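Following this message is one structure expressed as structure tokens.
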Amino acid sequence: MLTFTEELLLLLGDEEGLFLPVKEHAFECALAGAILMDLAFAFRIDTDLQALVITDPTPTGNPMLDRVLEKISARTDVTDTPAWIRVLATEDAALIREQALDSLIDRRFLKRQHNRFLGVFRSVCYPTLDEAPLQAVKSRIEDVVSDEIPDPRDVALISLVDACQILPDLFPEWEAKQTASRLELLRKMDLIGRELTGAISEIQDQIIRAARAQAACFKRSLLTLALTASVAIIVTLLVPSIGVPDRYGLSLPAQLWFDGSWKQFSGYLLLVLSLVGLAIAIALKKQLLVWVSGSHRWRLSHLVLGIACVFTLFMHTGFRLGSNLNAALMGTYLTVLLSGALVGVVVGGAPRFKQISLNRIFAARRVLIRVHALALCPLPALLIVHILTAYLY
Amino acid sequence: MFRRLMQAVLGVTLLGAAYVAVTMTVAGDRRMLLSGQTTYAHHQLEMACETCHGRSIFASAMTAEKSLNKNCRKCHEDELKAAKNSHSRKRFRNPRMAEYWNKLDARLCTTCHVEHHPEITRASAVTVAMDFCVACHSQGEQDIRTTRASHAGLGFETCATAGCHNFHDNRALFEDFLLGHAARPEPVRPAVHVLAARYLARPGPTDKALERGDAIAPPAALASPDVLGHWAGSGHAQAGVNCTACHAADLAEDAPKAQVLTRWIDVPPMGVCMACHKPQAKTFVMGRHGMRQHPGIAKPRDAQQGLARLGLSRVMPGWMSHWLSDPAVPTWMTVGKARLPMHADADPTMAVDCGSCHGEHNLDTVRAAVEACASCHDDPHTRSYFDSPHHTFWRLEQAGKAPPGSGVSCASCHMPKLEHHRQVRTTHNQNDNLRPNEKMIRTVCLDCHSLGFSLNALADAGLIRKNFAVRPQIHVPSIDWAVARSLSNPDAAEN
Amino acid sequence: MKQIAVAVGFLWSVGVAMTTAWASEGVSYAKVADMLYQVMSANREVYTRVVVQRLTVDEKILTASEHFEDDASLPLPSQMFRFVAEAVLDNTEDFSYSLLSLHPINKKNGPATDLERQGLEHVADSPGESFYGEEELGGERYFSAVYPDYAVVEACVQCHNNHKDSPRRDLSVGEVMGGVVIRIPMD
């Protein structure tokens, strides 16, 4: 029998062996929740509002579960379910995922395949070898949603999947409202043994809550960083260039902005930072970086790189906007940076713009991302000309 | 829709990049590559990059720097030599000066004069801070503050800005010159510019003089009484230069009249003037008015050759290679291209050629000396001239109430009479005397003023704006210091 | 004036071409420097005797003075020597030379490197001897030779003793006034 963790991983896999980007960053939390559900179904733990307690410390025989069980019994500082989901999501999710994947590979359901993207980015994907187990899991969920009387494990599975908010991705043909009311009904039915109901609903609750907290935290960081970037870019655009002192001798401004070697250093640093930023964006788009930690950290690091670019740009130019093609390069580059930062502001600030409809926010986000991508197109050509003229003339 | 837009942007970028690549490797206008405004008058030739940047693409940074400097010297070396350059390149090329190479490398023009950086370009196109003297003259034996008591408390920013020293040209500023002129009193009025007086007193070639009836020209040309009258009253007629000398210049002087009229050119090119007035033409192309004809300017790159170099001459159609030709430096500077303030009603397309100041036929040197300048230039200095004592003297001279050479026109100071091989000529490089303005002292000011007065006046920017209408408000102490030093220590050096 | 300078410069270049050609065939740096010095001192002597002495003292047509252009006079022999040295540097970096002194009228002609000071002191202290050494300047190695420069005639002494910028005023004829420094890059 598959564990919840394994079933969840099967469900998240797509045709290419990559994993669906789990909404609201619930992936680690869902993994943490899945393993707690596995333990609850194995009658090893129980939960209530105050604490998560071990009811039976005997090993289950599954090394993945036993390791977590051991950890729960060893740690006394973590007591309640939310805390445990947080701890497992941050400390153990990667290992849990690896162990579950190993187990699926051992059973020849999946295979591990190493790829290279553009010859540089290494990525691993897990194409399906055997469709049957996935179909079995999916049909179990379908059965639950149709009027069948579900098995307690099925109820637990669907609550887990629901917590991940991937039902619309798995079953696009389902009506969201109907599904929701059916799930609500199932939750009220006393289908699982009394000893499990509490645990499962508590775990599901906590998964959602933890995921939301993480999302809110992400959006807060996103907004802070994006606002920082926007302000820095607007300052770059509006503040007049910083002059150099009218004194002979080495001064930092004169060196930074008029010395060939410093200009080269800051220029190439800018190029490297931009390229890394671009690489992260491509990797995100191609889902090379979603893994366990989720994409949000990479999205944040994309933004951090953007901010680093603005500061390096200051180092390179001292707020000088240049003339002719250099001005065009500066304009294009700042457009890329500003549109990117504004995407961050829109996405990160979405929960705060209550009076604006979500549709509008999404539209703004789409337009900004397009501007971001469009402004990127002429950049390599302008940059090459900029570098060439620096050396040729 | 978005995909289309993206493709369009990419397409435009690729086209643009291809065009830039072609302009860089084959030919075409490259002014969009300029990283900043070109300094001073250099903007007149900024379309001809190779004038300054003339080296192979793969040269090392040092070779590039050297080549750049070689091209600076191509146009500016003569004037530096004439200025007795106090910090000459050859002096600093001596390896014993190696210590100074790291401080302020005087072997390279580009140490202090970097192009395309308008933001840090100071007076005289200097791009290092104006206290640059501190680099070498603040230590050891060179520390002027310790070796000259008078200089003890001075800031280095004043060396080159107070009217005492220049980096290159100190011909009117060195100590012995100051001492030699210290005791000379202000000349008695009306003073006369010696060379101008000599020039005006030169005998004219009267035996060859022509009159209205001698003019050889087509009837249509002769029908204009203005033109004929202007010519008949001009120096050309007095010197026996007939219409044909310019309008049919390629014919022998004694060619039959009929032949002359068939070869008639209505508007002769300026080369015709230059062929006879060589010294004037030579100096004309050194100044901002005529520099677009300086022989040092790079010729436009040949598109066909550029294509052939890339092995493309066969694939590129003729019209395309024509379209890709380098923009040539226009022959003339025009009023509209000037960066100095010009009269709003001056025709922006008017070119600065011989005729624009002298007139085509009357060759009026009096108009050329004042009115011609003021017809385009419109700045406080020019406007104030007409209320200045200099202009009063000029009017008196023109009215015959003052001796020849006593008047001061624009040309008196900016295009002075100079003596070369015992011949007096008007220099047509109207900028030479201003780089730096102390250059004017020897060639102009001292004829009518004492050295002290001249130094004070030229150091007083406000006074220059007022065109010397009042007395200088600044006192340059250099003569006092030189005198004090020679008196305090008549037979021993201060150090 | 210029013609003379050009002519002297030309003679120099011929001398240089010959001496550097010898140097490449294995003549020692010291020998090359000695030969260059011979050309220099002969030229200087000829200018002093045939031009300056003849025109100013014998025929009394002209004078020689420091500000020869303003005074329409002849350049002093030491000025002539320096003009040619600078003219050589306009054309080549294969060698360079200068006329220096421990007590120069113009400070820029004082010793600028340790070796120059050492050499000038040596030729001042041991008359008749020249000084040879190697030094590194601007990242390159040079062979440097210093030859004594004597006050040959009264005019030299008088000018140096009376010039307002002269730090030493007790020179006498026959005394070492300074030295000629010749430098040859060693690569």
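To keep things simple, chains are lettered A, B and C as they appear, and every chain counts its residues starting from 1.
FYI, a residue touches a chain if its C-beta (ideal position, glycine included) is under 8 Å from a C-beta of that chain, and two chains touch if they have at least 3 such contacts.
Treat the numbers as computed from the prediction; the structure is a model and nothing was measured.
Between chain A and chain C, the least number of touching-chain steps is 2.
Chain centres here are C-alpha means, and the one lying farthest from chain B is A. Of the two chain pairs shown, B-C and A-B, the one joined by more C-beta contacts is A-B.
In terms of Cα centroid distance from the overall Cα mean, chain B ranks first.
Averaging C-alpha coordinates per chain places the centre of chain A 79 Å away from that of chain C. Once the centre of each chain is set as its mean CA position, chain B and chain C turn out to be 37 Å apart.
For the pair chain A and chain B, the distance between mean C-alpha positions equals 66 Å. Here chain A touches chain B in the complex through residues 241, 243-249, 258, 260, 320, 322-326, 370, 373-374, 377-378, 381, 384-385, 388-389, 392-393, going by the rule given at the top.
Touching chain A in their complex are the following residues of chain B: 2, 5-6, 9-10, 12-14, 16-17, 20, 24, 31-37, 49, 53, 57, 61, 114, 117, 119-120, 128-132, 134-135, 156-157.
Interface residues of chain C facing chain B in the complex, by the touch rule stated above, are 66-67, 70, 85-87, 89-90, 93, 96, 98, 107, 110, 112-113, 116, 137-138, 140, 142, 162, 164-167, 169, 181, 183, 185. Residue ranges on chain B touching chain C, taken from their complex, read 88-91, 93-99, 101, 141-142, 147, 176-177, 180, 485-486, 489, 491-493, 495.
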